[in-house]
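When the chains are written out, they are named A, B, C, D and E in that same order, and each has its own residue count from 1.
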Amino acid sequence: MYLLGHLLTEPVGVVHYMIVGAVLFTCGVVCMATKRNALGILMGIELVLNGANVNLIAFGSPYLRGAEATIGLDGQLMAMFVIVLAAAEAAVALAIALNFYNNFGSIDVDRANQLKG
Amino acid sequence: MAHLLNQIFDWFAAWLGGSVANDSVAGYVVAALIYLALLLNLVAVGALVFIWLERKVSGRIQDRLGPTRVGGKFGWLQTLADGIKLLTKEDLIPGDADKLLFRIAPYVGFCASLSAFIAIPFAGRDFPFVAQHLNVAVFFVLAVMGLEVFAVILAGYASASKWSLFGAMREAAQVVSYEVPMGLCVVVPVMLAGSMDLVHIGDKQQGWFTNWYLFHDPFTFIVFWVYFTCGTASVNRAPFDLAEAESELVAGFHTEYSGLRWSFFFMAEYGSMLAVSLLAAILFLGGWNGPIPVASLLGLTWHNGPLVGYLGNFLGMLNVLAKAFLLVTVMMWVRWTLPRLRIDQVMTTCLKYCTPIAAAMFVGAALWHMTLPDRVFAGLLQSPAANRLLAEPLPGDSIQLDLQTVEAATIARGGRP
Amino acid sequence: MNWTSCLFLLCSLMAGGFAVAVVLSSNIVRMAFYLVLSLAATAGLFFLAGADFVGAMQLMIYVGGTLVLLVFGVMLTAQSQFVQMRTSSGELLTALILGGALLVVLVSTAINVPAWQPTSNPAVDSATPVITATPIGMALEGYRVDQLTQPDTALRRGMSGYLFPFIIVSVHLLVVLIGAAYLARAKRPVVERMR
Amino acid sequence: MTTAQTIEIDVRTDEMLVNMGPQHPSTHGVLRLVLRTDGEVVSEVMPHIGYLHRCAEKIGENLTARQWVPYTDRMDYLAGMNMNLGWALAVEKLMDYQVPERGRHLRVIIAELGRIASHLVGMGAYGLDLGTFSPFLYAFREREKILDLFEEVCGARLTYSYLTVGGATADFPPGWLEKCEAFLDQFVPVIDEYHALLTTNAIFIKRTAGVGLLSAEMAIDYGCTGPVLRGSGVDYDLRRDGEPIYTSMYEGYDYEVICQRAGHYPKDQEYPPVPIEAVLGDCWHRFYVRMLEVVQAIGLVRQAMAKYRASDGSFGEPMKLNQKLPKGEVYLETESPRGQMGFGLVSNGTAIPWRARARSSCFCNLSVVSELCRGCLIADVPAIVGSLDIVMGEIDR
Amino acid sequence: MEFTEIVQTLRDTHGEDILSVEPDVGDAWVEVPAELWPEVALSLRDDNRLGFDFLNCVSGVDYLEPDPKKVAKVDWEPHIEVVYHLSSLRLGHRLTLKIIVPRWRDDAAGQLPQVPSVAGVWSTADWHEREVYDLVGVEFTGHPDMRRILCPEDWEGHPLRKDYEMPLEYHGIRGR
């Protein structure tokens, strides 16, 4: 409450970014858990990765932390690699989804039960 | 700007017995509003002028007069009359449409087009005319302009019309593909200037027109034309206007739109045309530096005081706008001359021609830059440094791809020692 | 009032709000649209945190590339019965409860670490622009311009750069593109009419 | 006969039925094409016509032969003069009546000017189908001048009813031939503009060369006529190969049928070369035949004007409005700009035909569209339909 | 090839059922019985001497005098003629060919008379036969797609028949 109450007057800190990151992360997880559409699940993954990215950026931001505490450029570089890998992951996941659609004529993941014993 | 405003506010406040801090939010908000008003004006008035110009240019190309009546001479108020007509038109939403997305799509497009202007400078040197001076301006502009594709996709999907969907699919495929060669082309001036800061890139081309990156070497000369082609394609202008190809897809993604919402798509299109042309002017055509450095010759530099420098900047702004307008006119000329390509030919043009050419030219320009630094067209022309009329170093010159300088620069910037 | 805080509030509300909308919406195209807005707002947060380059990259690669791809996939498979796929409310409730618990854990952890509280003396004043593009480019080349004063000289020049991950990622991307192109291809019987 | 086989495809897509028309910018009126598409690829085209059916043949059974003349130019409203001529000649064939020599030359002048006017629309509208607007207006600028000439001889600009049974409604007004000559003189260099804007334009060639291939056998099988037939390399033109009553009009004229023989068009060194991508029978060749026919028509008009000046006598007074027809039946085809326009007439000896029949050239030319469009892209559909140069008024009658 | 030669060639192959009429005025024509038509059509196209590769036109003509006062004056019984105009691009000759059928099959009103389709011989016949079916009301047996072509699919009657009455109303649109 303290954090929220003074949000408009006090400078923001890493913690604020972490809360946003947590919200994005949770939304992503819930999205992954509830959606039946393969592409919906993919969107959940994107949200999770973004939640992580927000944290990385916050830790590396020179505006939010003191000169000793900030991890500097490493945060941004890691975020960058996450973005690039997310792009790769999306391409593969999309290809799998399309293949799934080709084979099953559906993108409802609940129907992907051929491996069931 | 914000600090300046805050100082003015402080001066007023002191008059009333109070004070305003230097980083008060008031200054930022007012500054943002001023920038927004100026840019909105540029895009909206630009669209008005461009639509009038398009009609005039097409008229002249087709042996007609174009508009002649509204507003007295030359029909210069024709677009305004059209705008009023659009305002009074019935606003139709198809019954099966996704109403929310259908309504929101034109504004998404317009916002994407407008936000590109945030990072585009209109004059440089010590007091750049730019809403937000970003050190990754080129990247930002390209990224934001890529967002416009969402408006088209959403409009195409939400219209619940097959023609719209075709238009949206074409646009998505086309824009995503053309971002690749366009990015490669943009990298060439970025590499030559050693910065992604548009202000810095523009300032680097100071001096006579031989300093423009267009004339830097044969590779950049070709890259400019590739960039212009890709730019035309990325803003959906003929001969690449497949998303709205009227003889095939009725009106493509905006088949179902009418009235004001439809006009927002048009404003977005003309806004993007201007943005792409401005980017071309800054990256390749010297930006605010005219073919003849009039401002420098007249002594309108920041050496001689801020007011004079400001005047020089103003001349520079007119300069860059004139270049962008010229490029926009060329786009219109092309549109009214050439037939439209087919979708597979558009993709072939991108993937088989533009991308390899851009990549080869990028390598060529890099080799040129390494082997013949500071040499323009094999030394036939004066080197940029000698050609530059100003003795002062450029504001961004200190960033070099050289370790020692980087070290010095990092320390000088106040970064971690 | 602090202007960065205002902008932060705006961007974070957009990012969080649209993320929630992604979860709650059952229309796949709308989900994609909300995701676009959420990620664009996240890019705004990056700009506010002084990561210009990553922010622009987020806009370009994530929003402009990955999500367009995603929407493309949505449209390829968007037959009416798949556009609206509702989750049963029981599942949704369970997921929301578990998600709420996760959120509480994460937020309480974040709040309780003193080092993450707002600091009064940041490394750089928030009004001063930081130049990130060149250092990031140098880091990918293997030079860390922000680590030049590293006491360990072995780590100073190049050794602490990201050249190797950069190459790995490049190769990885290439492999992924080829793999994705291969995966998406399908075989199906066609009946060709002969004349 | 079907064979099942497995092919590898990029991405599975669902087939979609799309209605192109009847309200669509590039279907030249009210043609409706139902496209079965797989992504951008058209797997089947089903044309639906009849939206402009005005029962012209039924009306013809209730009017005298001359009274039906105004209905003929409402069929192919872009070449009304040629339609008038076709019907007039069919009736004259039944009556075994030969128009005086001067009248025949007058008819050649008017018919060939009508051909130029019609091909100009065909050319301009084809540019429009391919997404370029300017050639359309360039073409209409010149067509307007021809319409001005027509207006002077008959008072109408679209539906002339000028050439009629027995000859024409009036002779040329004084000074008209000079105006016509002046028009031709200024028109000849303009053709180069069209070649620059379309025929030799790289994008135009890319869009049309090799697209919509129509083999000579298929063209004959489907009854395609006119530039569509000659664009496939079939050397057949009713002005030379037609029935005597029609070919006698063109006797003594020096012209060559426009069609590729042994890889060459007549006098092709004077015109832009055939691009290497173009295949005989594609859209480009159909377009090129039309362009060369415009030049050919200019030559014919020039010769006809000289012959008209040299001849004297009557231009051919029109027949009485309620002239009784002999009992019998005839069928005559003439070479109208869009192909062979046939008029049939069954008479029971009264002034009113028992049956009036109009064989539409575009009707046959359009019937081949579903063959041509199989497997093309959506963007090729307007290109193919445009290259057939159809007029819905003539198809639906 | 002259008209008489064509007729002779046809008679040589298909027998004497093929009649020829050469009136004083207008075109001469050949009359073919409907049942012979498919084989005649094939030989017209494939016989090297005939070589009729091009079908110009198919038309239907209804012979019925609707005015009872004038019926006595006409010299024919009510019937329908399907007229084919053929030409040979190769040999340059033309032929008019008729098939005469009753107005109704078995004289039962509503039963359309039948003529074998030649859409498989000349593709031109495809749409032309549909048009004759639509406007005159002759059914072409063996046609791949016997639908109306100019009138709407649910139109009633065949407009070019002499006893055709315009419907008073069509989907709420007043006819007369």
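Here, contacts are C-beta pairs under 8 Å (C-beta built on N, C-alpha and C of every residue); 3 or more make two chains touch, one makes a residue touch a chain.
Since the model is a prediction, treat every value here as computed from it, not as a measurement.
Among the other chains, the CA centroid farthest from that of chain D is the one of A. Distance from the centre of chain C peaks at E, each centre being the average of the chain's Cα atoms. No other pair of chains has as many C-beta pairs in contact as A-C. Between the CA-based centres of chain B and chain C the separation comes to 26 Å, rounded to the whole angstrom. Centre to centre, using the average C-alpha position, chain B and chain E are separated by 68 Å. Taking each chain's centre as the average of its CA atoms, chain A and chain B sit 32 Å apart.
Shared contact sites, meaning residues of chain B that touch two or more other chains, fall at 169, 416.
Residue positions of chain D touching 2 or more other chains: 11-12.
Shown for chain A are the residues that touch two or more other chains, namely 67, 72, 98, 101-102.
Residues 1-2, 4-6, 8-9, 12, 15-16, 19-20, 22-23, 28, 31-32, 35, 38-39, 42, 45-46, 48-51, 53-54, 57-58, 61-62, 65-67, 69-70, 72-74, 76-77, 82, 85, 87, 91-92, 95-96, 98-100, 102-103, 106-107, 110-111, 113, 115-126, 130, 132, 135-136, 139-140, 144, 146-147, 162, 165, 169, 172-173, 176-177, 179-184, 186, 188 of chain C are the ones that touch chain A when the two sit in their complex.
Those residues of chain A lying in contact with chain C across their complex are 3, 7-20, 22-31, 33-37, 39-40, 42-44, 46-47, 50, 53-54, 57-58, 60-67, 69-70, 72-73, 75-77, 79-81, 83-88, 90-92, 94-99, 101-103, 106-108.
Remark: chain E residues 23-27, 29, 53-57, 59, 61-62, 74, 83, 85, 89, 92, 94, 96, 122-124, 126-128, 131, 135, 148-152, 159-160 touch chain D in the complex. Chain contact summary for the complex, chain D toward chain B: residues 16, 18, 24-26, 39-40, 127-134, 137-138, 141, 197-198, 201, 203-204, 206-207, 377-382. Looking at the complex, you find that chain B touches chain C at residues 23-25, 28-29, 98, 100-101, 133-136, 139-140, 142-144, 146-147, 149-150, 153-154, 157-158, 165, 168-169, 172-173, 175-176, 179, 195-196, 399, 401, 403, 406-407, 410, 413-417.
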